[in-house]
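Order of writing sets the chain letters: A, B, C and D. Residues in each chain are counted from 1.
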Amino acid sequence: MNRINKKLNENKKLLSIYFTAGYPNLDDTVSIIQNLEKSGVDMIEIGLPFSDPLADGPTIQASSTQALINGMTTEALFKQLKDIRKTVNIPLIIMGYFNPILQYGVEAFCKKCSETGIDGLIIPDLPVNVYNEQYKPIFEKYDLINVFLITPQTSIERIHFIDSISNGFIYMVSSASVTGSSSGFGEEQINYFKRIANMNLKNPQIIGFGISDHNSFTQATTYAKGAIIGSAFIKHLSNNGVKDTADFPNAILNQLT
Amino acid sequence: MTYNINEKGYYGEFGGAYIPEMLYPNVEELRQNYLKVMKEPSFQKEFNLLLKDYVGRPSPLYFAKRLSEKYNTKIYLKREDLNHTGAHKINNTIGQILMAQRLGKKRIIAETGAGQHGVATATVCALMGLECIVYMGEIDIARQAPNVARMKMLGATVISAKSGSKTLKDATNEAIRDWINNPVDTHYIIGSVVGPHPYPDMVARFQSVVSKEIQWQLKEHEDKTKPDYVVACVGGGSNAAGAFYHFLEDTEVKLIAVEAAGHGVDSGESAATSVLGKEGIIHGSKTLLMQTNDGQITEPYSISAGLDYPGVGPMHAHLYKSGRAEFMSITDDQAMTAGLELCKLEGIIPAIESSHALAIFEQKKFKPEDVVVLSLSGRGDKDLNTYINYYKL
Amino acid sequence: MTYNINEKGYYGEFGGAYIPEMLYPNVEELRQNYLKVMKEPSFQKEFNLLLKDYVGRPSPLYFAKRLSEKYNTKIYLKREDLNHTGAHKINNTIGQILMAQRLGKKRIIAETGAGQHGVATATVCALMGLECIVYMGEIDIARQAPNVARMKMLGATVISAKSGSKTLKDATNEAIRDWINNPVDTHYIIGSVVGPHPYPDMVARFQSVVSKEIQWQLKEHEDKTKPDYVVACVGGGSNAAGAFYHFLEDTEVKLIAVEAAGHGVDSGESAATSVLGKEGIIHGSKTLLMQTNDGQITEPYSISAGLDYPGVGPMHAHLYKSGRAEFMSITDDQAMTAGLELCKLEGIIPAIESSHALAIFEQKKFKPEDVVVLSLSGRGDKDLNTYINYYKL
Amino acid sequence: MNRINKKLNENKKLLSIYFTAGYPNLDDTVSIIQNLEKSGVDMIEIGLPFSDPLADGPTIQASSTQALINGMTTEALFKQLKDIRKTVNIPLIIMGYFNPILQYGVEAFCKKCSETGIDGLIIPDLPVNVYNEQYKPIFEKYDLINVFLITPQTSIERIHFIDSISNGFIYMVSSASVTGSSSGFGEEQINYFKRIANMNLKNPQIIGFGISDHNSFTQATTYAKGAIIGSAFIKHLSNNGVKDTADFPNAILNQLT
């Protein structure tokens, strides 16, 4: 059983953290992952930086640009992660845009993920139908879970369709927006969370976008299996560097340090 | 082989809609409606009336006598420079604003490189009383100042894109981000035959009025409806798509697409996408684009803001791969020379984009009896500073 | 009463050819030939072909829906702004360059205020391969920089007139001096319906294509060939002459000529010639002009370089004196407001000259059923700096 | 008999000098005239300054502008000249553009000229036919000679016509040009001078434009009754002021001072 599915089966709300590989420094990747695991994070999205991350807001975008300047490449990332499974047990997901993956070769990329111990992928600009028609067998062959997004605008039929082809969790975008652009949830979003919760989908949902602190994390996880934090963590890294990485999840989970 | 789009939204292997889920409802709404709306008689009527009375169509097909004499062939210029706002871009924005209205949108966003598309969008938004936000690269804002001023006069908000190469690619990223953030009431008027399906096809259809007119205009001039060659510059490819459209399937008509070689195709500073590009995804479309081995999109360079784009529309990627069109690359210097030549020989100051197309006559010989139709995609008013500085006039 | 020219070259008491003997041969040659040449079928054919394929005529007659709604009347804009080079001026320069060719002239001179006539002249000179010298007031060179750049691109020599008010009047003086010094091979392309006979009539005839088109275009729109009103701004008066021409003798069509009041008709800084002018001689023509009691010509003022002229063509002096046309005066501020309004309501950036005509809707009420045709004489690209500074955009 | 005709009957070559009234100083008019007469000048053209002197070159144009700034007006000129005939005997001609004269009233202007003792007028922008059809009787009534110009481009027929309606001299423009733009005469001009001389016109010719020194004066008067100097004298005035006015005609006539 894929680590993601195992994790989802745990009877707890999940905290998932996104960071951009190669940021703030090229070789921070492994230590960030290790520190996050140690401080109780349940799942990690490792961002493969892209020159034109059009679904990301300014914070993640800037971190990607810096990571590329630092020298991050697909090859380099896999090299850094080569031995990651010797020390890390939580699910690891690579989040990246489709073009770098396409250039690497989709099958080669999946194979490498599988060898490295990556459990899933989030590829925002690989649409469901293209995945379904062209790439599903490859992902399955390498036991990679492909995670799809839904938004407040996604129609009921489409949510059911996405649910039907998903086999891990559904990434529930809290509001239709690029990452890092709102904070805290309003009534409209809460209603949306409730609406989805009531659909009784086969896949659990993890909410992302706009979660930045303990409060919003708690709110989100009232209605979903877990929540993903990205921009807020990147900001933490850029303000504090890597040495106090653990402070961030601690604050979210409201643990005393 | 067909050179048109198939029912899945692909030209051969190129095209599709590689978009984040956040954009799905908008793009899907458009995909489901665009053909239906475009075919409505009321849409057709309004579109054609505006093209005629507001844009000033048909744009003339002008026999350039002195240019023809110089190059010993028959050169016709399709005068998109005479359109309202000064380029072919407005054909598309008129179409899209009518589309947006019918889809009930209240807010319009656009990206722009040379500013022509931005101006054309600001123009139709003023005409329809809709809010308008235009994203434009910081570098382009500097080099196309007159167009920035025009957008402001027209009431549009111009937002500077400061990431990446600070040009068209980055403005497009910002526009897409805006659209993601405003998924309900906003229509994104893309300015070229790029972006996710159905944009390339929709834009090509709106621009196809150009080749439609060429057919009957050529009949008046030369008593035939087909030229031997159609020549157009290619940034994203919309003016070329419009000029080629009705000739795509008729291989007797040779098509020449002209890309910007910047300081030279091999200089590392160019925007010659087809030659230098590899298959990949940019702005929601599978196409040819300039990228590193690692799949990072390369920052392009051209003296011309409208050609300074690392990708090309999927139609053109297909025309390139299939060999249906000949692709030529023209350097900054060659374009500037050809632009000044047109001023001196024909009294027409071309947009620097269009100057790239004009420059092919120094590179390729045509027969005296060849009828060569060249898309003069825009006028050079926006480029006066660049010309003046270049020539130290 | 007739509102056209008589066989002696006068409109009523205005007109004639008050020229130094040095100019006599040139002006006389023109006077004897202009009608004959203009009526030659080969001339007509070439003229009409260039108007169509090069200038882009017919210019649309555009029903301005939102502007009409705002002022509760039917406003049609005659889109001279869409002509090649951006104003009505080119209708005349095309005609005159063909005339000059037939008279065997090799060198062309012109005066310009807004630069539109200078650009139009430089353009046709490039087209025909003739040398071109343009005189332009020092102040106008500064405030219409884009047009200066365009003239240079087109290969013209721009000479700064530094005397007097350093605007159009002085540029005209310099051009006449040049002509006196070059009496054999030079043709002087005057840019408005001013100067000695036969210029006013010749220019009016070349511009008359405008009202000719209005007649059949209105038929298409409104099923009648006469508007209730024709409105045009008046500097020298050429765009108004063109727009009025075919309606001159039909008094059912009301004519409104709009002059620049600058800072106010009574401010001492204006260019409202008809109201402020007295009969006199300027640039070879007996007409109304702003002058001191002593007969010294007054330095005019308007924010608009094309209206900044102390005289008016003799046709207009006659239209004023006879009451055939209503003359209105519009201040800088009123014009600037109307210009921005057109941007916002119709997506059209007008030349500041044309903005003066647009400003009358705030001054004069029309009936809902009135059909008002307004000559949108030019586009505002040349005026962007002035607008931007004025509005601090 | 008009002073101009009397002068033309003298058996000598005539030097005529143009200056702009009111230049360099408003009140220099009378003393300039007096000094010119004293130094042997035969005839004087008094320029009535105009704001837009389109047949004049930069030098005369600048002097007109200055004269207007100094306050020169038609009224002021007549006031200055009121008693001129008490001291000056040579023919005096007013040279001015038509508009100021028109504003004064053509008849009023002619009357005033006659009262003042002005003998003739040169109005460059009053064409022959307009004069002939509208103003001839007025000029005749006040015994004013209106002087017409011919140029190298004037046709033979027109020269004969101008000769027929002239009753003083013909102002022969040396080359078609505004004043002050050439110096010395070439073969083409000499041929033109000869051509006109051979026409045996009823009116003598006085050559103007392009005469600036003894040499060009001598050349011109070889073929004509006299010559007019304008720009060169204005330049002299602007360089030397009015006190050495006489130096200029002396140099032209090559008289020792």
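Going forward, a residue touches a chain if its C-beta (ideal position, glycine included) is under 8 Å from a C-beta of that chain, and two chains touch if they have at least 3 such contacts.
Note that the structure is a prediction, hence the values are computed from the model and not measured.
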Overlap of the chain A and chain B neighbour lists contains none
Centre distance in Å when chain B and chain C are each reduced to the mean of their C-alpha atoms:
35
Chain A to chain C: how many Å between their CA centres?
66
For chain D, residue numbers touching 2 or more other chains are none
Check: chain B positions touching at least 2 other chains come out as none
In graph terms, with chains as vertices and touches as edges, which category applies: line, ring, star, complete, or other?
line
Going by the touch definition at the top, which pairs of chains touch each other?
A-B, B-C, C-D
Residue numbers on chain A that touch chain B, as the complex places them:
50-57, 61, 65, 68, 73-75, 97-104, 124-128, 130, 148-151, 153-155, 158, 173, 176-178, 181
Touching residues on chain C, where the partner in the complex is chain B:
52-54, 56, 59-63, 66, 79, 81-84, 86, 122-127, 129, 146, 149-150, 152-155, 340, 343-349, 380-381, 384-385, 387-388, 391, 393
Chain A-facing residues of chain B, complex:
16-22, 24-25, 163-164, 169-170, 173, 176-177, 180-181, 183-184, 278-284, 291, 293-297
